[in-house]
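In what comes next, chain A is part of two complexes: it sits with chain B in the first one and with chain C in the second one.
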Partner chain A sequence: MGDIVRVQTVEHAKQNPQYAQALADLLFQLADDDFILAYRGSEWLGLAPHIEEDVAFSSMSQDMMGHAVMCYQMLEDLGLGKADDLAQLREAVTFRNAILVERKNGAGEYNDNPHYDWAYAIVRSYVYGLHKQVRLEALLQSSYEPLALISRKMLTEHRYHLMHWQVWLKQLANSTPEARHKLEAAITKVWEDAGELSSLGQNAEHIVRFGLIAGEELLRQKWLSNMKDIFQKAGLSWPGEPGVPGEKGRAGEHTADLVQALATLSEVYRMDPAAKW
Partner chain B sequence: MSMEAKANENFFIYEVFSQKNVSASFVHQFSLLAPNEEVALTMARENFLRREPCFNLWVVKRDHIHGLPPEERPFLERLDNKSYRETKGYGDLQARWRHHKEQYEEQQKHAGNGS
Partner chain C sequence: MTHDKTTQYESPEAVCWEMLQDVKDPEIPVISMVEMGMIHKVRVESGVVEVEVLPTFVGCPALEIMKKNITEKLIEIEGISEVQVRFVYDPAWTSDRIALDARDKLKGFGIAPPPLDFKPGDSWDVSCPYCDSVYTQLENLFGPAACRSILYCRHCKNPFEALKPIY
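Coming up: the complex of A and B.
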């Protein structure tokens, strides 16, 4: 741990293939998490409980897609392909997002009788957001300085996102028994997947050894302790240790939900990847 | 939006005011529907302040704003015969100051040449 080298440029990063590999592995996790959850958020367009929330949610999803773009751009700089191609032309097995972010918004399809679960949207966004906060704060110390820099930028916008979902959680927690019941059901559902968020994947050892980000256990403890505080303040009972899904998203194992999401989001791009936009 | 009928009972109109920077006045921007102040503040930023810089926000329930009905608005009128209440008499102060300063400097220059 004592031999962490500060890396200021992409050229410097590429001089050590092991370092570049660890960096790319981490960047795919960050990019794919934000990209896929932002896509799920965009599927709420026109379906949120009221028009003000509809606009706000869409705007936040755009923010998050912007965060993903910054990460895909860094992967492009590392020589791994065009950012747009990385987002839209990869197959599901190469995605490194956690399973939590790829789950469908609820019953039905966007174009076919959608009965999405608003409580699930709130809890998923908030639990993910709290984890992202811890992750971004840890990235401020990253040995790869361009990553520390974009993390600072993301934190600026992320502050509002967290506050937004916090407000909604409070609304549901202090509302009618029906709202409370839906909230608790959503917590149970999110909890089944949430444990995977702090996984750094198969190359975790290198990612941490090169000082790219703090270790999984550290991130996890900090995140859990922040969540315990929030649950307590909202008067919600602590659901215990979060579970992990059967598939390992960080290892490229995904559900049919991701395959469907990728097919939809890249449908137009795949028609003519060379087209100028 | 599917909850519109039910929403109307629990949602109120809030007027939103924003301040561009620390020394600017609050300016009325728009109104929105929300169940309470907290949600109104949360929605205001993303709905209307995505492009403009914004330093601070106020939300006020529309019911808490009291205005004048048309028939009472005439009480705002007054006669135009009290120009002493206006500050336009000070409008040329800078020009006058410049004039006297130039005159003084001109005098000083001549006095200097004379010695």
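Coming up: the complex of A and C.
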């Protein structure tokens, strides 16, 4: 880690093409993770277990969408296209989100007989959120100052998301046998994908060498240790090392779920990308 | 505020600050953006005013409305030909930036102000903005706007909102 230089502006970042590339690669991961999971969250609108949860889930999804916008904006500043286009006009193979965030909410479609899995929503959001916490804390030290600054701001919002999912996990873990059973099934399902979250993708070496974020192993260990603690406090048995899915989302390999999500979320935008909102 | 009426002797920045007192938070119409601590810097140079705004929440949907309201207000000033509004994140907005006298206005509007000097690990105890009772309960950490939570006063039996501590 001998060549870490603080980079204060986008102009400065652009002077070193390798640095700009590593930064862009990381930003796409951050943006796409938040954007796609926020979209999945928005698909719970009107379907959450009660009205308060509807408000809470929408609010958190809105925060996450806002975080994604900031990252897409930084990509726009790097000269990679308009933020709105980056979110809505890219094909699935250019998305760098982890597979975990793109999985459907459950059986059925939003507009057609949705039988969504609330336990999966809780476990996925919480496990992702705990990873995001570790990632944001690491980004406070990022060599790219605009990213460090915005991460500090995101952390102030994100802690409320963690509080919320913490309450759900604890309550379901200590509720009826049915709730407990559904929760454990959701943990198993989330665990099949969760290991990919700490991947920094194909350009990981440069991303870390330029001091954009701490290394994968460091992030992973911290995240796992936080989760172990939480599982223990909730009286849940530790499911072991999280697995990785067959597709490598960070390398642009995705499931049909993402293709469908992108088609739905960008349907209106694609009709007329020049329209003023 | 003791600015006199002869604004031509004030600096153009001071005139802008005064005008900005009239730009209210779109979601809390009793509080100005200045009182919310959201206006960081105002600079005027050859008729162009540049305003730096600190967003309370990154994804706040009211940001564009604020930008528009600030622009419309400041362009009224004689000698101002252009208004540039920029959102900045350094320093980060925290709930301690809310002006002390604005905290009472929040209460009057039915919103409990955030605690002062809140530190990680502190417990968030909220008094009812109507009856000051501490016998309140959190109904929903998330409310009608990203910055607010929904609570219920067990004493006077009113639902109310509270600004989240952001620190």
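FYI, the second predicted complex is superposed on the first by the 277 of 277 C-alpha atoms of A that agree within 3 Å, B and C clash if a C-alpha of one lies under 4 Å from a C-alpha of the other, contacts with A are read in each partner's own complex, and residues count from 1 in each chain.
Keep this in mind: a residue touches a chain if its C-beta (ideal position, glycine included) is under 8 Å from a C-beta of that chain, and two chains touch if they have at least 3 such contacts.
Remember, it's a predicted structure, so these values are computed and weren't measured experimentally.
Novice: Would you mind checking whether chain B and chain C clash or fit side by side on chain A after the superposition?
Specialist: clash
Novice: Touch check for A:48: first (chain B), second (chain C), both, or neither?
Specialist: first
Novice: Return first, second, both or neither, reflecting whether A:60 touches chain B, chain C, both chains, or no partner chain.
Specialist: After superposition on chain A, A:60 lies in contact with both partners, chain B and chain C.
Novice: Quick one: classify A:89 as touching chain B (first), chain C (second), both or neither.
Specialist: Neither chain B nor chain C is touched by A:89.
Novice: Between chain B (first) and chain C (second), which does A:78 come into contact with in this model arrangement: first, second, both, or neither?
Specialist: Neither: A:78 stays clear of chain B and chain C.
Novice: In the overlaid three-chain picture, which partner chain does A:218 touch, first (chain B) or second (chain C), both, or neither?
Specialist: After superposing on A, A:218 lies clear of both chain B and chain C.
Novice: Of the two partners chain B and chain C, indicate the one touching more residues belonging to chain A.
Specialist: Of chain B and chain C, the partner in contact with more residues of chain A is C.
Novice: Just checking: does A:171 make contact with chain B only, chain C only, both, or neither of them? Give me first, second, both or neither.
Specialist: first
Novice: Of the partners chain B and chain C, which touch A:163 in the superposed model: first, second, both, neither?
Specialist: It touches chain B and chain C both.
Novice: Which chain A residues come up in both lists, the one for chain B and the one for chain C?
Specialist: 52, 55-56, 59-60, 160, 163-164
Novice: Residues of chain C touching chain A in their complex?
Specialist: Touch list, chain C to chain A: 55, 57-61, 89-90, 92-94, 139-144, 146, 150, 164, 166-167.
Novice: What does chain B use to touch chain A in their complex?
Specialist: It comes out as residues 1-4, 7, 11, 32-35, 38-39, 42-43, 45-47, 50.
Novice: Name, in rising order, each residue of chain A that touches chain B in their complex.
Specialist: So the residues of chain A touching chain B come out as 46-56, 59-60, 160, 163-164, 167, 170-171.
Novice: For the complex, which residues does chain A have touching chain C?
Specialist: Interface residues on the chain A side: 52, 55-56, 58-60, 62-67, 69-70, 146, 149-150, 152-154, 156-157, 160, 163-164.
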